[in-house]
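Note that subunit A is present in both complexes that follow, paired respectively with subunit B and with subunit C.
Our next item is the complex of A and B:
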């Protein structure tokens, strides 16, 4: 069979960092094949695809498309060669309609200069119908759902007649149903002869959709198999370089009973709203335990995070830390008292993307690094270097943190917050979007903190994570606590039981946390 | 209708024209995603070069054309430094303003030995246009006829501007550049190309706005634009970044100016107060506008 695509010996070195993102990578793709390109965060998958799409210039290597050697220097040229890419972050103009977005750069003309708006609607509508998408060509993109926006991105590439379609982590932002319908679309495309490359690090997606799986680690291709000839364990081992499990070594849980942080009947009611966001929530976080908060989105986990972080004032009740009422304190005051907090939104809340790694690390402790009001470069440098080493962050102190991968950004935030912590620490969705190795790293740190006697509060919508690391679990439903699970009960609880609590089908009598 | 109102409105239409012209070009740079504060300098460049070249060539059309070229050259330098040498647009545009302000005075001194007002007696009046069909309409006719050609040219250009922005591929790409630059890059288009053209367009229309000021007066006065380029920026925002909005916003300022001119003659109030009217007006308009938009956003 003729290869749709053949990449040989691709090398890409980022000059600013000296990082060898691709180190002699080979990749072939057959016509009508669905290939999953798997690997941890920072393995070089996205770089390889950017080289293919003309967004990055390789330092060495050759590419041939449909048997002909080519050099791809821009996305426009990639499109001409029949290569299209759907980026992880949408490249859509919200103010334009679907048709205007799809035709951007390749607009149908009326006469010599005039944009044929109607012609665009018709042409795009034809593509939409041919592939049975469910979007309206004349709708404003800003009014679409995330799943529909992704369809627009795919239509954009199909309008350009691509034979090879690259999708960078297409499922990251989709709901279960949207993923299901995306997969149906992708299979139909493959049947029509389109070759697909999906970048992903989710094992179950690889087995669900792909014909072939190629695995990268640290810039190199480490495996390439027909999907039905490998199992998840093998793929995972190749991605990681070793076999892993979610279970973390830890000391047995000895309920040390001194509460560090206590919520007494805390409610949050916003003006003009009937139903409180938090409704009479009481619990105590004790030293030496990981207290997990589980719940379905919209049931109070996010509100709890905002209250703990000091962003959202409470309407009634009290929050007590070391016998002092801290209900009225804002973030700044709370942090002065030792609040350590790893927020769910690590890009907007947790870090300043344009600031350097160093600056992000010391932002909260400036006074320790100044003498007579002047920053002490050497001291900051040494501090940063030692933290980067301890937390095995791939990056240098002077890089803007936004240029790091998601996992490495999270490690920097962890480093800062763990340095800041005194007796309690809040983690909200700490492993969201992270690969297995980075997640494991986070869990190990959490357990380490707990073993040192910290009160660890873990807010997470990931049930596996909650059950794997928590010593006690509080389940939230519609802003109230519906269940508290610990010891034997927690060890025996099934996911079905948890689901029943989280969906409000079942409730403990007078749960007390 | 009040007999005073018609002359005031008539002069408002004339006064708004340089603002409308400058804001049109500024709209292009604004929509491409850049705050172009050099409108003032570009206008001044066009104002000076147009009248000087008209004086030396003896031909007003050639003079205006060369004036437009001079302003576009400054815009091209601004575009190159900003887009290709990646300097901050705010700083370079500020430099362009200072440069234009200084250069015009220096050249005026070199050429005419005068750092102040230079009067050109050899320059004919700007041609005026009387459209008989318009003249027959009561009130409306009285307000809109008998203006110089720049006034009518600005309306034609405004229509052209709207067509380019909303009915051509170029317009869509320009706006896409301003809204989501990466979307353009991902489709293989260069945002800097569209921004550069936007700079040139702003040089073009600002020069026309400036040319109208000097040619109408038959003289060059140092810093004759006196903040009109800055007010044109306000016009863009007040006009909600839409071509038709520019027309209304410019008219509002034209009226404020015309009114203060009238009041100076008619009322017994210190001139300084009256001359401040347009600026007070700008301030009030901006405050009202920001209240309006924040209300609107809250509803959404």
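Our next item is the complex of A and C:
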């Protein structure tokens, strides 16, 4: 059978760091096949795909598409060869409609110069209907949910008639339901003859969707199997180099009566909006516990994060920290009181990509490294070096943080916030896009903080994560708390029960956290 | 030790690679100059000689070229400060002109203060420029208006107001020029390269570069300003007072323009003439663009710009080149330096793995 794609001996060395991101990698893909490309953060998966998509120029190696040797120098050329890529971070114009986004760069024309709006709507609508997507071609992209935006990205590629579609961690930002419908779409595509490459490191997804799995570690291909011939343990061992357990050791949970942070009937109502974003939310985060917040995207988790971070003023109610009302404080004032907070959006909010690792590391502790208004360079460097070592970050203090891999950027953010914390700390989606080892590292740190007596607030749409590490769980639906699960209930609750709460099918009576 | 040397080597290589773009720009600009002279001048060789060597042929021209660079350095620093914080200050013309005017009338009013009066007058001039630019920062902070537009509009209006003041209430009736009275002798900077106009303001410019560099890269406030410029959302998240950094860098930016105006009067002109500074504000912007908003690079960028400008004047004076042709050449240079594509040549690309 002819290979849809054949990559041989791909070598990619980043000159600034001397890192061999790809070190003689081979990869083949058959027509209509779904291949999962698995591996830890920094294993070289994304680099390999960037080489294939013309975003990176390989230092050695050959690529053949449909049996013909090619050299791919730009995404545009990749598109012409029938290769499409859906990035982990969407590349969409919020103010454009779905159709305008999809046709961008390949616009249907009326005459020679004028953009055919109606033609675009029709063409895109046809693609949407052919593949049974659930989006409306005329809607503004800014108004779509994350899952729908991803559909737009896929439609964008299908509109360009790609035969090979690369998806970089497509499930990272999706809810369970969205993942399921994505998988249905992907299977249908494969049946139509499209070949798919999924970058992922979630074991159950690999087994659920792929025909074949290829595993990378430290820039090399370490395994390539039909999916039904390997089990999760084997894949995990190849990815990590050794087997790891996902259970986190911890002290028994002993609730402390004194609340550190309390929400009293907090509501957030934006002008011109009928439904409040947060609606009478009350809970108390106590010291020595991990309080988990679960919910499907768009049901208030993001709003809660913004309120905790001081980005969004509340409309009514009160937020009390150590018996003081902090409802009116902004980020600046909250930071002064010792707010520690790992944001969901680590690239846009949690770091300044062009600033150095050092500059990123000291942002909320900058006063400690200043004397008479002057930054103490040596002290900063020593501090950075020791944190990079403690958190085993692969990088140096003076590198721009944007040159680090996603997992390492998150480690820098964790190091910064954990150093900063005083009595409570907020984690929002702390393991998005992280591999098993990094996720495990995050969980261990969270449990360690809890054992030290911190009030840990964990906001996450990853149900496994919530259930694995939380001492208590609050479930949010449409901006309100629909369930609070204490220690006992938490041990008995099933994923189906949680799903029922999260989707608003069930509700506790007068839940109070 | 070895590690440190290695690091230094890497830094030097990176700096060299980053300056390839600037070298290419200068090269193309000079090549364009040659081509244009060949096309537009009847005596191209003579023109070129005056263009290239004119500014260097004697101390008079050389000193004047250096003198021309002084306001460009101050202006370039002002623009760089605003740019580093993510703000655009397009109001340099008005800020410089009004700074010069206020410094002049302050000098006239404080005639008896001597050298203390110099400091106060320059300070008031700088504050005038700073307040004009700061206003745009406040408008942005309050109502999210574009400081790029407002600084430009305010500047245009202010130029007319200052011109009116010079031609009206503050005009010196003793001369035929439309200008204020001359500032007292004790306010004038020493000439340091007779017979040229070059004054000790040059040292002030060099010190200003140093100060801005230290401020941006060594102080907490400079750090906060740069982070706000790189990613405002991250700055807010880190507890940096983002409202302040929408106003303060604009104020500083305007203040440097105002200082540029004051320095030009105290060092070169001695009286504020109507529209004496036309173009200086924009040229400061061009200098900041060539320097890519790095204070340390502002000096070579300003010198390059002054060299081109005085070369053009020289060619105008001694050859058949007209004012228009000289302007065309300068415009070509301006287009080239603002080309982002050329600036990127050779620069270290940032990638993630």
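The rule is short, and it goes like this: the second predicted complex is superposed on the first by the 322 of 513 C-alpha atoms of A that agree within 3 Å, B and C clash if a C-alpha of one lies under 4 Å from a C-alpha of the other, contacts with A are read in each partner's own complex, and residues count from 1 in each chain.
The rule is simple: contacts are C-beta pairs under 8 Å (C-beta built on N, C-alpha and C of every residue); 3 or more make two chains touch, one makes a residue touch a chain.
Note that the coordinates shown come from a computational prediction; the quantities given were computed from them, not determined experimentally.
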Which of subunit B and subunit C A:355 touches, first, second, both or neither: second
Touched partner set for A:403, first subunit B, second subunit C, both or neither: second
First, second, both or neither for A:109, with subunit B first and subunit C second: first
First, second, both or neither for A:374, with subunit B first and subunit C second: second
Larger contact residue set on subunit A - subunit B or subunit C: C
First (subunit B), second (subunit C), both or neither touched by A:77: first
Contacts of A:183 with subunit B and subunit C, given as first, second, both or neither: neither
Contacts of A:21 with subunit B and subunit C, given as first, second, both or neither: second
Partner chain in contact with A:363 - subunit B first, subunit C second, else both or neither: second
Footprint of subunit A on subunit B - complex, ascending: 167-169, 171-173, 175-176, 179-180, 182-189
In the complex with subunit C, residue positions of subunit A that touch it: 14, 16, 19, 21, 42, 44, 46-47, 56, 309, 311, 331-332, 334-336, 339, 341, 343, 348-355, 359, 363-364, 366-367, 370, 373-375, 377, 398, 400, 402-406
Complex interface listing, subunit C residues touching subunit A: 7, 218-221, 223-224, 226-227, 230-231, 233-241, 348, 350-353
Contacting residues of subunit A [partner subunit B, same complex]: 54-55, 74-79, 85, 87, 89, 91-96, 100-101, 104-105, 107, 109, 113-115, 117
